[in-house]
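In what follows, structures are represented as structure tokens.
The same chain A turns up in both complexes below, where it pairs with chain B and then with chain C.
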Partner chain A sequence: MQLLEYAIRGVPTGCVFALLAVGLVLTYKTSGVFNLAFAGQAYVSAIVYYELRKELEWPLVAAGVVSILIVAPLIGLLLERVLFRYLRSAGSMAKLVTSLGLLIAIPEIAKLVFGSETRKNPPPLWWVRRTDEWLWPEGATFVLDAGQIATMASTLIVVVGLVVLFRFTNLGLRMRAVVESPRLAELSGVDSERVSMAAWMLSSVLAGLAGVLVAPLFASLNPFDLFTLLVAALAATVFGGLTSIPLTFLGGILLGVLQAVLAGTLPTDSVLTNGLRPSLPFVVLFLLLLFRPGLRSTRELADPLATVDAPPPPPVVRARPPWVATGARAFGTVAALIAFLVSWFVLDQYWLGLAISGLILSVTMMSLIVVVGMGGMLSLCQAALAAIGAFALAQVVQATGVPVVVGLVAGVLIAAAVGALLAVPVVRLDGVYLALATLAFALMFQSIFVPLSWVSGGAVPISVPRPVVGPLDLSDDRYFLVFVIVCATATALVVIRLREGTTGRFLQALQTSDVAAASIGINGPRARVVAFTIAAGIAGFGGGLTAIDLGQASYEASFPYLIGLVWVALLVSAGARSIQAAVMSGLFFFLFPALLDKLFALPGNWVESNPDAPSWVASIANAVQPTWAQSVAFILFGIGAITYAKHPEGSIEAQTTASINALVRRVEARNGDREQAPVGAGVGPGAGGSTP
Partner chain B sequence: MTAAALELDHVDAAYGPFRALFDVSLRVDPGEAVALVGAHGAGKSTIARVASGLLPPTSGTIHVDGTDLTGRAPFHYARAGIAHAPEGRSTFASLTVTENLELAFRAARPKRDVAADMKEAFRLFPKLGERHDQLAGTLSGGEQRMLALARVLVLRPRLLVADELSLGLAPIVTAEVYRVLGQVRDTGTALLVVEQHLDHALAIADRVVVLQQGEVTFDGPPDRLGDLSSTVLLPDGSPSRAT
Partner chain C sequence: MTMTNPRQRRRCSRGIAATVLLATLALVVSACGNSESSGGSTTIAAPTESTALDQTNVPVDQPGVTPTEIRVGGVASVTNPLGGNYGEAFTGAKAYFEKINSEGGIYGRQLQLVAERDDKIANNKAEVEALLSQGDVFAVLPIATLLFGGADALVEAGVPSFGWTINPEWEGTPEQPKANLFGQNGSFLCLGCVQPQVPWVAKQAGATKAGVLGYAVPQSSQCADGWEKSFQEFPEAGVEVAFKDSSLSYGTTDFSVQVSKMKDAGVDFVITCIDTTGVVNLAKELKKQGVEAVQFLPNAYDQELLEEFGDLFEGSYASVSFIPLEVSDKPQGMQDYLTWIEQVGGTPGENSIVGWLNAALLVEGLRQAGPEFTQQKVIDAINADTNWTADGFLTGVDWTVAHTGQSPITCTPIVKIEGSTFVPQTGKDDKPFVCFDRQTKSLDLVSQ
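== the complex of A and B ==
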């Protein structure tokens, strides 16, 4: 009886999970996009509702209609028109990266538009706070409040509505057809553009509804809570196999009930309870991904008419004439040397510190090169692995008193070991599922392990001293810079060695065609496990260096999982395969917001020093806030990831290739003239010679 | 003179940087059966795709029943009465047989009685009726081809573009498919049949168009094709009989 009561208590929470999960399934079913940005869309509607209700004091119905039925579908329409219509025949990986970029960019854009102040106590989408007085007789064992009733009612309406849409209506049938093959649907006389727009608007409405309904669950409105809740709901999505709406609904309810039953029956105050309660959805998600039959063998249904598209451009040209390679190496060395001298002699403490942090991040970025760029696995848990390296370093040094450098090695080994354990089950999953499993791991790590004192040292981060190497005391930032440069170079050499070696070739073959690689005897899972393990070790190395840099191993300051998502977006848009891109994106992550900060402070400073400026100029100048810097930087990082679909090799790599090709052409044309070659011959062999 | 069911006028087409058609002009009159033959890579399927709007031409115009549809989305072609059964798998694998048919029937003629259409489809291809609840992805190759045909035939299109119908099918199934094609022509639907298998194509066609490397090299009645038939099939001119 007691158990039943707990179970019933879990139903409203289950409905929240179900609503979010069903929204994701709808988007996936009708657009083929596993839309992580769903949380961002939900956030925008919630913020609009908040502003209308609380700031402008609109009536409830009007605010609800504008935020859910007008703003939300417009966002969906915008996303479809400017972005996703061009991605219809792109792979699931490109779509996932795009949604990751949107997840980062959308909330920041909303903050720029509506202001970034804290929004406390989001207003509910219902009229009364409690209904127990009039709905339930005296002495009832438990009561539902109005919020729970509203959520349950909305969820039921949505689920029934969607089941009807897909089972019985023509529009539902068309949506399913268009997502499999827009062209084939057109041949049947379906206007796939319009169907696709309708699908995006509908799923966006659902995101808006979920955002407004769920927002009052939190003390203040912020996108991170919404996204974490969305990831929790993913367990229900996976339970439904990403396509079945009734099963997804059931999964959401079961998850809520399970959570409530566990909370009621497990002894309070035990480690198990405290860790398990918040992390249950992530544990369930992880286990479902590993053990749900059928998920592993899911093949994407390819569009049978995909060949109508122009063939993709040939892969990045890597066979360059030797003089280009030598020249590039010399140029890179000189540039690095100049950068080093500037850092040593010119930069002050502030900028030097940022440059060091950036360079350390580029080590972590190199782990992403191995796992994402070379392995083709979109791992979303590199920040967690870096944190493991940092914690291991701190604990080993604190417990045994060994030199910090030894602790660094221990951190690398432990991170690699955890990576290997994680890799063995995870590498067998296909694209999207692997990304979700690593995301689940990152959140499990955050909610179970980070609070434990034997992992993170508890509430107060463990401090890590700067080591002394020989005569050099690395607490001087300039000496530390040298140390970091050595570390980054060593990592880069490991990555290059791996990329040019057998494992790298295996991974490349696997990325091109799994089947073809298997048919020539390449053991795919093994090569992927190796890549994942090495990447984990590199991430641990980067994490350890971060801890040394900051003087402490702090999860909140350095490794929250959302920061890890920003890293992925940034690296992928810069170029997931090249060392150059890793270094640039690492530096960019720290230096760019700082530069923007200075830039946005300029107008304000100018007004202060020119008090007699016209008032309209002053008011425009004062409108520019330095607080925009972080938002603008994150928006640009997010938008960068969106370009992934166009330049899968990354913007830096694309730029480099283009300029080197131009240079090669020019030089060869000139040589051709000198040798009196026939017109065009200089270009011909040049172009031919540079193709692999 | 009545308007042609389909008229391509000086059409060039390309896949990205790769040009596939060079100045192709082609006309199919109402009720006429035209066979389009040529070697691998000659551009047959490209013509089929241009004819149904899947691939917009880089230059030239396309008229369907006298209306200029150049550059319009493919569904305009479908609604104007062009039915295209593309090469290879061309059914929605994630939908059932019934849903595949329903999609086409309801899109083409919203007012029509879908149940009657469905009955007609299962009369044409009884095999499909037996498997109406099965996902199309689980059908055999021949059954999928039948489904693709049923989807377009029941609607009595003005012109049916049939791309490589015999490809990968057992001879007995090919014969069955061509028997239905013959019935379709007899009901007044024009045909543009893309085929490597010369015998089948020539048996059904009023007119033959030969493509070589993206250009039309012959356009006339089958009996005038003569000995050419042994030399047109490979780009290098080596004789080949399709098997």
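== the complex of A and C ==
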């Protein structure tokens, strides 16, 4: 009987999960995008509703209509017109990376537009100031508040409406056809442009509705809270196979019920409970991805006509003429030498510290090159693997007193071992499913393992000393810089060796065609497991270096999963196959916000030193705030990922290709040599060198 | 038309922003928000009475010290996307400096907050290093950050550093006391320690059965263990822990099962180590299930929180780390704070109070160190102070022990929420705080 009581208590929360999960599934069904930016879109509508309802004191209906039925679909329309219309035939990775970019950029844009002050007590979509001011039925065993009633009613209406839409209307059928193949749909007379716009507007309305309904669950409005709730709801989307609205609804309800039943029945103070209860949604997600019948054999939504598209050009480093390769190598060496000398002699402690952190992050980014660029697997758990390397290093050094360098090696090995264990089941999944499985692993690691003192050290992070290597005490940042450069170079050589070796070529073949690769005897899963394991080891290496740099192995400071998502967006947008992109991304992540900080401080400083400046000039200058730096940096990181749609090879590689092409053309024109073709336009790998 | 009311200004600017966004979206063009103009210059009133500090100006060769200035810099989480906006700590520090400067400064020098660094993300150590390497600062204050990865760098540099004790890195150990890190009311956080004020409050509330809740994250669960031990070590309160759950998922919004179980167990007093969203949802659920339980809220001294959710917490208690602003007989330090925080356009609240207290402790250290002050002399002078009260704003910090432990006599200001206001609870001698002697293991109130 008590079990039933707990189960019933879980239903309202289950409805919240169901609403968010149905929103994700709707977007996936109608656009082919597993839209992680759903939380960002929801946040914008929630802010608009807050401002209209609470600050401007608009009536409920007017505020609801504007925020959910006007603002939300316009955002959807904007996203479709500006971005996703170009991605209709793209693979799941391009779409997922774009949505990652939006997830990062949208909340920061909203903060710049509406201000970043704390918005307490978000108003419910009801005629009361707070959800608990309207209870029904009062005094009963099970009482619902205004927010729960609004959410449950809305979820039911949405589910029924969507089932009707997809089962019984032409629009629903057309939406599915356009997702399957916009080109085939057009051949059948469907206006794919209009259908796609309608689909994005509809899914965006649902995001807006979810944002407004869910916001009152929190004491204040925060995009991070909405995203956390969204990732908890991911299990329900997988329960529905990313396509079935009724099953997704059921999955959400079951998740809420299971959570409540476990909270009611498990002992409240055991190790098992401490790990299982907070991680339940992620454990369920991970298990569903591995074992849900039919999921592994279900191919992702893919355009049947995509196979007639031309394959992507080879990386520029493989196709450039020998003289360009030699020149690039010489230029790169000189540039690196100058950068080193500047770091050694010019930079102060702060900028030197940022440069070191950036270089270390570039090591972790190289793990993404292996797993994403070479393996074609969008791993969202590299930050967790880096954390494993850091914790292993810290624990080994603390427990045994071995030199830090030995601990670093132990961290690499342990991270690689964990990566191998994870890879065995995960690499058999496809695109978005693999991304979700790795995200689930990252979240499980955060919920189950990070709180354990034998892993993370508990409330106080474990200290990690700087090593002494021979005569060099690396507590001097300049010597540590040299050490990090050596480590980054060694990692780059490993990655290049891997890329040029058998495994690299197997992975390249697998990216082109699984079936063709298998037909010539390539063991796809084995090659992917090897790549995943090596990438995990590299991530662990980066994590260990981060701990040494920071002086402690701190999950919160260095490895939160959300930061890991930003790394992925940054690296993929710069170029997931390029060492140069990894180094630039790492440096960019740390140096760019600091540079923006300086830039945005300039106008205010100018006003201070020019008190006689005209008041209108001063007011404009004072309007520029250094506190914009982080937001603007994140917006640009996000926009970088959005450009992935246009340049799947990455912006740095695209720019490099364009520069080399221009150079080759200029040289050809000067030499009168008409025979050489431009790089990236059909010249084979054998045409040039193969160094980065 | 001028809008002097900040709330009115904010509404107008938000309205403009909302209108701009709607218009922008309607045209399906990319958004380009207008930046709102920030407030104008601040005029500081002349001091009403002469309380000038020592004006002996002798040459001092110390970082950040010139013949006319003593420069300090601070770091606070302002735009960290993971949460926490503690920027008002800067305003509090500036308010105190304005007060001192209006009195002529100290040792003939003006106090200047020359750097206000934003902690951003994952960058605390870098921002601290920036202060040390670029700022040319004598001291680092305020430090109000979500994470405190720069603690070791500050300890190594030996720079006097003052901040908000919300990170365990503030704590020292007998082997490494971190003698130059000063929290606003001591540096010893001690999450799992026994706190006699907890059973005392439960006893005051007439409670007999307590419920303890915490998240399954190290700091929160340690804190929950501490509350449980507090009841166990003071059985004279007559309160038993009838329900404890320290396995909550961080960010959970549903407490229906926990409240149901507490109801079944007859819990009439609830104490938590959870965030604001958690305590609000817990209070809503208690109301829904008709559980008449008093809450003890360690982190709820927030006027805005009270405005929004005060009725949910009617009859509950909160602890405060300084003398509550609601006391009728305001100590001098609080009067000065309220005057000067208004002068600089700041908002009275915990964050700005922390900045104020940090600045006050630095000035006290300078005063004790004398005209030929050095960083080490300031650190030593503060660490010799056995009763730092910031002119009555604090219950008294014994800095000879406050880095690594707690004083035998522990004093805590407690407020009760009544009619959506904080009502300070009085202890012995009508003081606005309660004190206990840890060594006696008794809940009898003692004098400070």
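By our rule, the second predicted complex is superposed on the first by the 627 of 692 C-alpha atoms of A that agree within 3 Å, B and C clash if a C-alpha of one lies under 4 Å from a C-alpha of the other, contacts with A are read in each partner's own complex, and residues count from 1 in each chain.
Everything below uses one rule, namely that a contact is a pair of C-beta atoms (placed from the backbone, for glycine too) under 8 Å apart; a residue touches a chain by one contact, two chains touch by 3 or more.
Bear in mind the structure is a predicted one, so any value in this text is a computation, not a measurement.
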item	value
Chain B versus chain C as contact partner of A:Arg174, first or second or both or neither	first
Of chain C and chain B, partner touching more chain A residues	C
Touching partner for A:Pro560 - first (chain B), second (chain C), both, neither	second
Touching partner for A:Pro467 - first (chain B), second (chain C), both, neither	neither
Touching partner for A:Leu187 - first (chain B), second (chain C), both, neither	first
Which of chain B and chain C A:Ser453 touches, first, second, both or neither	second
Chain B versus chain C as contact partner of A:Gly376, first or second or both or neither	neither
A:Val71 touches, of chain B and chain C: first, second, both or neither?	second
Residues on chain A lying within both footprints (that of chain B and that of chain C)	none
Interface residues, chain A side, partner chain C - complex	5-6, 9-10, 12-13, 16, 48, 51-52, 55-56, 66, 70-71, 74-75, 77-78, 81-82, 107-109, 112-118, 120-121, 130-132, 135, 139, 143, 145, 217-220, 222, 224-225, 228-229, 256, 259-260, 263-264, 266, 268-270, 273-275, 277-280, 348-350, 353-354, 357, 447, 451, 453, 456, 458-460, 463, 550-552, 554, 556-558, 560, 562-563, 590, 593-594, 597, 619, 622-627, 629-631, 634
Interfacial residue positions of chain A with respect to chain B in the complex	170, 173-174, 176-177, 180-181, 183-193, 301, 304-305, 308-311
Touching residues (chain side chain C, partner chain A) in the complex	10-11, 13-15, 17-18, 20-22, 25-26, 28, 30-31, 33, 35-38, 78-83, 85, 87, 118, 120-126, 129-130, 132-134, 146-147, 149, 152-153, 168-169, 171, 191, 215-219, 221-222, 243-251, 253-254, 256-258, 260-261, 275-277, 280-281, 284, 287-290, 304-305, 308-309, 312
List of chain B residues in touch with chain A within their complex	15-18, 49, 52-55, 73-75, 78-79, 83-84, 86, 88-95, 99, 102-104, 106-108, 137, 151
